[in-house]
Each structure stands twice: as C-alpha cells, then as structure tokens.
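Before I ask anything, here is the structure I am working with.
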Amino acid sequence: MYAGHEHPRNLIPELCRVFYELRWVTGTGGGISIKSGNEIFVAPSGVQKERIQPEDLFVITTDEKDVSGPPPSKKLKKSACTPLFMNAYKLRDAGAVIHSHSMYSNLVTLINTGGEFCITQQEMIKGIRNDQDGTYLWCECLDYLFEVAVEMHKLGMNPAKPPVKNIDGEQKE
Amino acid sequence: MYAGHEHPRNLIPELCRVFYELRWVTGTGGGISIKSGNEIFVAPSGVQKERIQPEDLFVITTDEKDVSGPPPSKKLKKSACTPLFMNAYKLRDAGAVIHSHSMYSNLVTLINTGGEFCITQQEMIKGIRNDQDGTYLWCECLDYLFEVAVEMHKLGMNPAKPPVKNIDGEQKE
Amino acid sequence: MYAGHEHPRNLIPELCRVFYELRWVTGTGGGISIKSGNEIFVAPSGVQKERIQPEDLFVITTDEKDVSGPPPSKKLKKSACTPLFMNAYKLRDAGAVIHSHSMYSNLVTLINTGGEFCITQQEMIKGIRNDQDGTYLWCECLDYLFEVAVEMHKLGMNPAKPPVKNIDGEQKE
Amino acid sequence: MYAGHEHPRNLIPELCRVFYELRWVTGTGGGISIKSGNEIFVAPSGVQKERIQPEDLFVITTDEKDVSGPPPSKKLKKSACTPLFMNAYKLRDAGAVIHSHSMYSNLVTLINTGGEFCITQQEMIKGIRNDQDGTYLWCECLDYLFEVAVEMHKLGMNPAKPPVKNIDGEQKE
C-alpha cells in the first residue's frame, strides 16, 4: 500500500486505465512515467498497461540508477522507452511523460511529414499547464487537436490554413 | 449539501460528467451555466469540467453582480465565457447555456463558413423545448445533426440539399 | 412492479438504455414497441428514451384500442410512430419493432436513394431470427451492415458490388 | 463452478464480454476458442457472445471428438467456425483462436484484395507473443493496425508505402 491517490505508484496504474479507455494505450503500446522528487517511476515493458499494479513499477534516479523494481517472479522489464523518457526529463525538465499510441497522434505524424504540427482556428490554450495534472490535460488537448486535424484532412481542408469566410456557405481556401 | 438533484449546484457537476462522456467537454474546454430565478450559476475556468464539485460554482445575478464563489483556497476563476453566457441570458432569455467543444460542433463551423448551419432530410424537431432539460436535449439533437452534416461532407453530399430519389440506387444531386 | 426481466414493461426500459449506449436513440428520437399476446407496449413520445420507467408505457390492443397509459400527472403522449409500429404488426406480423436513429441507419438512407439496401461480401445471416431477442439481434446485425456500407462509401467502394480479387493488392471494381 | 479465472470456461465468457465492448463480436458474429491440454473449448453458434455462460461451451478433443456440451435444454449448437478453428490448432499449433468481426478487420479485407496485409511506419512488434494472453494482445495490436490502414486509405495514403519526409509539411509518396 502506498499513501495517497497522488503517489505515482497509485496514479500511474489509475491513469493507465484512463488512457486505455481513451485508447491511448493499446495492446502493449503506450505508457506513462512520472517524476517525484529525485525519483522517476517507469512502467514495465510489453504488458497490458491497463492491468499494471502499483508493485509493477520500476524506480530510477534522475541519474538513471536503479532504485527498485517489481518482484523478480513477475519477470518484468523496464519500458524500452525509458531513454526517451529520460530525454524529456533532462532536456525539457518534464514532470511527467505520456507516451500515447492514440490513433490520432499516430495518423497526424503520417500527415505532417514536415516534422511540425500546425493547426489554426482552434482555441485550447488553457489546457497547457506545467504540473502533473497539467501534463494529462495537455495531452487531452493535444489529442483533441490531432483529431481535428485528421478530420479536417478527411474533409479536404488544411488544418494549418484558416478557411476564408464568405457569404454563400461554401468553403474557400 | 444542496437540496435536490435539480439544484444547479448538483445538476451542473452531473451534466459536466455526462458531457465529458459525450466528449462535449474535453481538456479544459466547454462548460455549462444555468439560470435559477435571478441567480446564474457558472462553472470555473480552466479546470477539468468532469471533476467540478458543487462548491466550485460561481453565482452571479442577472445584472452580473457577484453573489458567491468557490472557497478562495481553491484559487478558481470564473469561466472566461461568462460574457458570452450573459448575452444568451439577456438577448435570448435563455434558461441555460451549454458551451460544447464536441468534435462535430467544431468541424461543422469549419465546413459552414457562411455563418449559417443548414441541413435537410432530417427529423429532430421534437428535441427542441424551452426548459433546462430541453436545453440539454436540444444540444444532443444539434450535435446529432452536426455529426450527420460532417459525415455527409465526407460522403461527398451537401447537407443543405436533399438527394434526388431515383430508381437505380445511385445518388444524384 | 412487473414480474420478470422479460415482461415488456421491464424489457423496454432496459433495451432503451442499451440503445442509448449504442446511440440508436438520441435526443428524443428512436424507440421500441413490443407485442405480448394481444397487447402492444409503446413508449411515450418526445422524451429521453433512456430514462423511461415501466409505468411510462402505453398499452394498446392489436385493434389499436387503448388499454392503459402512464399516470396522467406525467402528461405523456403515445409515440407519434405508433401508426408505423402498427403497420409492422399488422402487415409483417412483427413481434417487436425497433425505431433506430443510429447514425449509420440514417446515413445509409441518404446513400441508397433507390429505396433498397444492398450489400455483398458480408456474412451475417445467423443474426436473423423471429422472436424478440431476434429482433434486437437483427437490428444489431443490420446496423453493423449499415456501418460497413457507409465506411465502404468513404473508401470509394460500392457496397453492392464485390471487389475483384487480384494479385497486386490493389482493388478493382 | 470452475476453478480459477484462467480456466477456459471462465476466460471465454469474460473475453467475449471484453470483445463485445471492443465491438469484435457483434450481433451473433465472431467468437473465441481456447485449447487447454488436449481439450478445445468452443463457443456455441448463433448466440449473443457477450451473454455466454461457462456451461454453454462445447469441449472437443484435438481429434475433434465431442467430450461434453451445454445442457440439452438450451438447444445450442457448436460454432459453425469449428472446422476453421481446428485448422488453426492443427496447421499452426495455435493455443487459442479469436474470430473477430471488428469493423476494421472487415474493411481491411475489402481494401486488401491481393490476399496479404502490409503496413509500414508502425511499431507494434512487442504485442506478438505465443501464449493465450498473447493471442488476445496480438489481436488488439492487429486490430489497431487494421484501423490505421483503413484511416490511411480514407486520408489518401497507401499503408504499405512510407510517406516521403520533406520540409514543407506536405506529404509525397
């Protein structure tokens, strides 16, 4: 037992179940890592994320030294994405990292082959905050914008360019 | 504790959870306001709407004077959409205002750049009533029509024009 | 209280909740009627179908004579679709009638303006049975086929014509 | 009562309910079979899979001899897909067989008329394992890839060919 809903050992399994319902973690893909003080909590590799238990998490320091891991009998391995997570902590000073396999985040990378995601005509700025809840909200806002962008492509519109308003209800670009 | 399921302090948090499941409030976007007598109940700004508690609501008069607000320790701010809500109350004599971020309401504004939403061949007239439940139903009906319109665009049809019936099963416009 | 899960007064409210989750009844649209012996149970008009209570149903004979109705204080009216339901009972000897507002049943009528729904390459024949459960299953199967047809249209295929198999993975018609 | 969550008589009904929520078993379509030692557990034909009870399963040997079946009063028949399931057990040494009616597995067969499913630019390799849980995960990963492929087709992309990266954000093939 770990104290409190907000403890990473409780929060990560709960969020993984939420992400599963949102379809951000599918099959064995996707995951989440949270930094708490000098410790970083990382989910195991190659498992169904929505079934993770508090004891299944790996704990490493910000220097990437192992602090603890799941019971050896479970034969779990640290997420293969750990080096990517560490980059986010070191280079961006992240408080948490969400690795989403959502359909829209996936499709939007195939659409935006120039390496940059641009969208206009949307208002979602309040979703961006810099705490742990903020990271989750940020992802929900981003995923929403990714879905808008993909749907706009299906409707023949360019998300990066605003449609021109006119008076007969037909869209111009 | 506030008496009764229909009290705005109970109804707004409940509807926000319903709207979250319907994906009308996403991230920190969307919300709801309800008028009860001379008091208008408004949700706080920039929070996850599905987690709102009864005590989190702001109460203002129809003259926009503050009556009460959430506990200061929560550091909440009134919805930035309050002026828009007030316009609906003053100019349209609304009983409630729903601010939807649904994907279809969003996409339909991008499709209909002429400023007017038109759709034909659909029957949803019974959904429009003028009480609070009516507002919710009206929105559900509208969202349904928005989805029909977006899907028709994807299928190459113009929602504002009825298809011509013919005898070989192929559509003409 | 009415005896048994299968009694129409219990079954109709339960199925309406299932249909709401399936998005077959939206806003105030859609509904269900069930024949039990010489009595036909009909849902009220213009209400949220997922909130129907056992006492809210109207009962009429197969000759369209009123047997009983909801408490007058509820001010409910019989479904406006009752004449259509009666046609299904009289002309087709139906055991139950489901009135679906599902997005796919709606879109498929816009696609198939010739008055007949045709689809090939699909296997769903076992879903068709002639009891009440059968009616529900039949609708679930039909709705699945409607969705396939709509998606095929989006993918540029004609549901009524089988694709030609070839050896290079590209589709021909 | 059968001992343990992992017993096929408990696991098959549970998985069928999960598959129903995932929309892999719709109407009476789809199903699952599991091999346990020399016994193969098969779901009944033509029923709503999400309502299967432990006693409803048929048990056959790997030589296709009947071991046991549901109570005769239930008038159930063995899945018509049993010969296909047996091929998977005999020819591929499968530990379990999932028969999915998911929309995406259906549509992807209509798109890929060449008989082979190819997709690139996706990373899902960890989902493939050779135990029973692995079969379920494999299917979830496959279904995800099928959905990506169908969505790519809608967006005008060929799943089998990687998009060419460029510098202006527009896709080339």
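In this document, chain identifiers A, B, C and D correspond to the written order of the chains, with residue numbering beginning at 1 in each.
We take it that a contact is a pair of C-beta atoms (placed from the backbone, for glycine too) under 8 Å apart; a residue touches a chain by one contact, two chains touch by 3 or more.
Note that the structure is predicted; figures quoted are calculated from it, not measured.
Contact with both subunit A and subunit B is made by no chain of the assembly. Among the remaining chains, A is positioned farthest from subunit C, on the basis of C-alpha centroids. Counting every residue number used by either copy at the subunit A-subunit D contact, under half are found in both chains. The centroid of the Cα atoms in subunit B and the matching centroid in subunit D are 39 Å apart. Centres computed as Cα averages put subunit B at a distance of 28 Å from subunit C.
Shown for subunit D are the residues that touch two or more other chains, namely 154.
Interchain contacts close the chains into one ring where each touches exactly two others, per the touch definition above. Looking at which chains touch one another, you get A-B, A-D, B-C, C-D.
Chain contact summary for the complex, subunit B toward subunit C: residues 121-124, 126-127, 133, 137-138, 140-141, 144, 147-148, 151-152, 154-155, 157, 163-172. Contacts from subunit A toward subunit D in the complex involve residues 26-29, 45-46, 48, 80, 101, 103, 106-107, 110-116, 118, 150, 153-154, 160.
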